[in-house]
Amino acid sequence: MALLPRLEDAQLSPDARAVFDEIRAARGSDYVNDIWRVLANDPALLRRTWEQTRATMGPGALDPLTKELVYLAASITNDCEYCIRTHTAAARAKGMSDAQFTELLAVVGLANQLNRLAAGTRVAVDERYSD
Amino acid sequence: MALLPRLEDAQLSPDARAVFDEIRAARGSDYVNDIWRVLANDPALLRRTWEQTRATMGPGALDPLTKELVYLAASITNDCEYCIRTHTAAARAKGMSDAQFTELLAVVGLANQLNRLAAGTRVAVDERYSD
Amino acid sequence: MALLPRLEDAQLSPDARAVFDEIRAARGSDYVNDIWRVLANDPALLRRTWEQTRATMGPGALDPLTKELVYLAASITNDCEYCIRTHTAAARAKGMSDAQFTELLAVVGLANQLNRLAAGTRVAVDERYSD
Amino acid sequence: MALLPRLEDAQLSPDARAVFDEIRAARGSDYVNDIWRVLANDPALLRRTWEQTRATMGPGALDPLTKELVYLAASITNDCEYCIRTHTAAARAKGMSDAQFTELLAVVGLANQLNRLAAGTRVAVDERYSD
Amino acid sequence: MALLPRLEDAQLSPDARAVFDEIRAARGSDYVNDIWRVLANDPALLRRTWEQTRATMGPGALDPLTKELVYLAASITNDCEYCIRTHTAAARAKGMSDAQFTELLAVVGLANQLNRLAAGTRVAVDERYSD
Amino acid sequence: MALLPRLEDAQLSPDARAVFDEIRAARGSDYVNDIWRVLANDPALLRRTWEQTRATMGPGALDPLTKELVYLAASITNDCEYCIRTHTAAARAKGMSDAQFTELLAVVGLANQLNRLAAGTRVAVDERYSD
């Protein structure tokens, strides 16, 4: 069980309810992910987190699928099951193919390996990349 | 100083020299990054790491720039300065704009924040995403 | 199942039993957390870990609740479910309110986000903070 | 050098300048930390990050010094030099003593140790803490 | 459920089948770990990962048991349950005793603690160890 | 500069001085690493940390060189420069060869890669390894 109750719609404060309305409108779906139902215990934290998510993950200089892949790369490196499962679903909904997913995994695996080879050898950054 | 010597071309074993030839041909440049000069102390490790890098980062279902962004997302999450600086340069060379870079940073920051909110609340994965 | 057996009281060596007596006396409860029952497979490791825990988490310049919050912040950053659940219970027992818990989560989330923004931009430490 | 330019006041866009005005007013000081000067390259990211920081770190159910300690615990676990140095300074400004700082370090060290003992033994969460 | 299907032998492509043949020959067993059945969705990734594993974990300047202990130390630090459980089994098969396992845990716990004490104090590397 | 002063011998409290005497006797050298000079600001923390280090890293079921390799594997995964440099020196002093060091790096790199492949695929632990 979560460490904070997962609030049903009937349990939401008016402020939390307003955020849920925005989530539903933005997603075009009545379904609200459980992390929002848990964060709803602190409506101010819920609002800040939702607004940041909406502003960050929407279209911009990077397209929404690329943003999902970047989000996944960080979440896989941190081994966050909740985030990996929900954002894999989001990436799939935005068109991620099986081949794109396994290439993503391969790149994340490679980066984590080379991150440690750099750490363990203490190689200094090449002069041309250090300024 | 690195914990293993950074080998100059004249110090390379024939096996390491052969890998450097491949790196130069693939990159279309005489410059070889210092991490390869440090890994050259173990030519078998150098060869495996280079072949994996070439196979992983080349064109595929994901384009090379997207792969660099994914690589950066993992490396930023691990705070690997060597990898962040060299792959930011690689992403820039493949066309990453300032706006794409700051959006990447914003997504990585958001993911790391939500990874911890999920961890701290112990929210279970929604049933619809857990199988 | 754990990778080492969870020892029942009847299975404890005399050295491990002595540590359990101290845990029970310090906690004022007969209940001993399962991690101690697993560490009891190596009585010397059990003793060192217990003595360090008692010395570190007791009252000092920081009060015990603040220490639990700090402990939680590290454990959430590492996503250690065992530690998060047991120390959330400990913090609750020491008076942590719902509002304090969600503020803790918000601070940990913010720190993890800014840790990555600092990593990704490679911003140098301001001169006034670097010496 | 940072991967994005550190903007001087004269280089700020009007939106970034407005955030700097708020930072100066909130801090009661003309000095603005360099991370804000780097984030100012993306005024929208600057604004979101600043507003989140102000809302999260201000007084609430936890006092500002406790929030700094929690922030430090996460940042030390992630080994973020920028965040450790600037928030140690902030904690000192809010009254953190030498003894409080070394106790914080001891708790963070203990948590990181026990996080790994729990991970390595795969001890299950005690029934009484798992629901 | 895994995010990619776990392939049965009858579902393998010829390239993946060839890798499974090599795994079975190298291990002297018909059993193939599930991670290979999941990676088999991308036969090229399967081949690269298997060849790297075989080349890295075999006998060399370090004996195979020591390599398993090193592998475990990294996996425990990252809290990878899959890797901890499968490589504990591998280390056991290569002769790891209970006492060796608990000493490994103690060393990993100590390192993680001191890693954070070094991070939190920002102690500079002693001159004699920094070049 | 470190966040706590690096104490010279003349600045040590009697309790810290006693620990330094033990370190010198155990190491058979007058040199004391700087991390101990920083921890000496809290003599109780210094004593606990030193006693734990001595008890953990000494000969046991694992030989001292193997313990150094395990310590390095954790420290490389956490990218702790202080710990990597000082314990590479310690491992060298205990006989670690160049070939052993590069094999260690290869194993740590492989583990970090596979830790992320397991995380990203969410592969469940094989039934035979999960109990």
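A, B, C, D, E and F label the chains in the order they appear, each numbered from 1.
As a convention for this text, contacts are C-beta pairs under 8 Å (C-beta built on N, C-alpha and C of every residue); 3 or more make two chains touch, one makes a residue touch a chain.
Everything numeric in this text was worked out from a predicted model, so none of it was measured.
The most distant chain from chain C is B, comparing centres defined as mean Cα coordinates. At the far end from chain D, in terms of centres built from Cα atoms, lies E. Separation between the centroids of chain B and chain C, computed from CA atoms only, is 34 Å.
Note: centroid distance chain C to chain F, computed from Cα atoms, is 20 Å. Centre-to-centre, using mean CA coordinates, chain D is 27 Å away from chain F.
Counting partners per residue, chain A has 1, 3-4, 48-49, 52, 56, 74, 76-81, 84-85, 99, 103-106, 108-110, 112-117, 119-122, 130 as the residues that reach two or more other chains.
Contacts from chain A toward chain B in the complex involve residues 1-4, 6, 31, 33-35, 38-39, 49, 52-53, 56-57, 60-62, 66-67, 69-71, 73-78, 80-83, 85-86, 89, 97, 99-100, 103-104, 106-108, 110-115, 117-126, 128-130.
Partner chain A is touched in their complex by these residues of chain D: 1, 44, 48, 51-52, 55-56, 130-131.
Chain F contributes residues 3-4, 41-42, 45, 48-49, 74, 78-80 to its touches with chain D in the complex. Residue ranges on chain C touching chain A, taken from their complex, read 79, 84-85, 88, 98-99, 101-103, 105-106, 109, 116.
The touching residues of chain E, counted against chain D in their complex, run 72, 76-77, 79, 81, 84-85, 104-105, 108-110, 112-117, 119-122.
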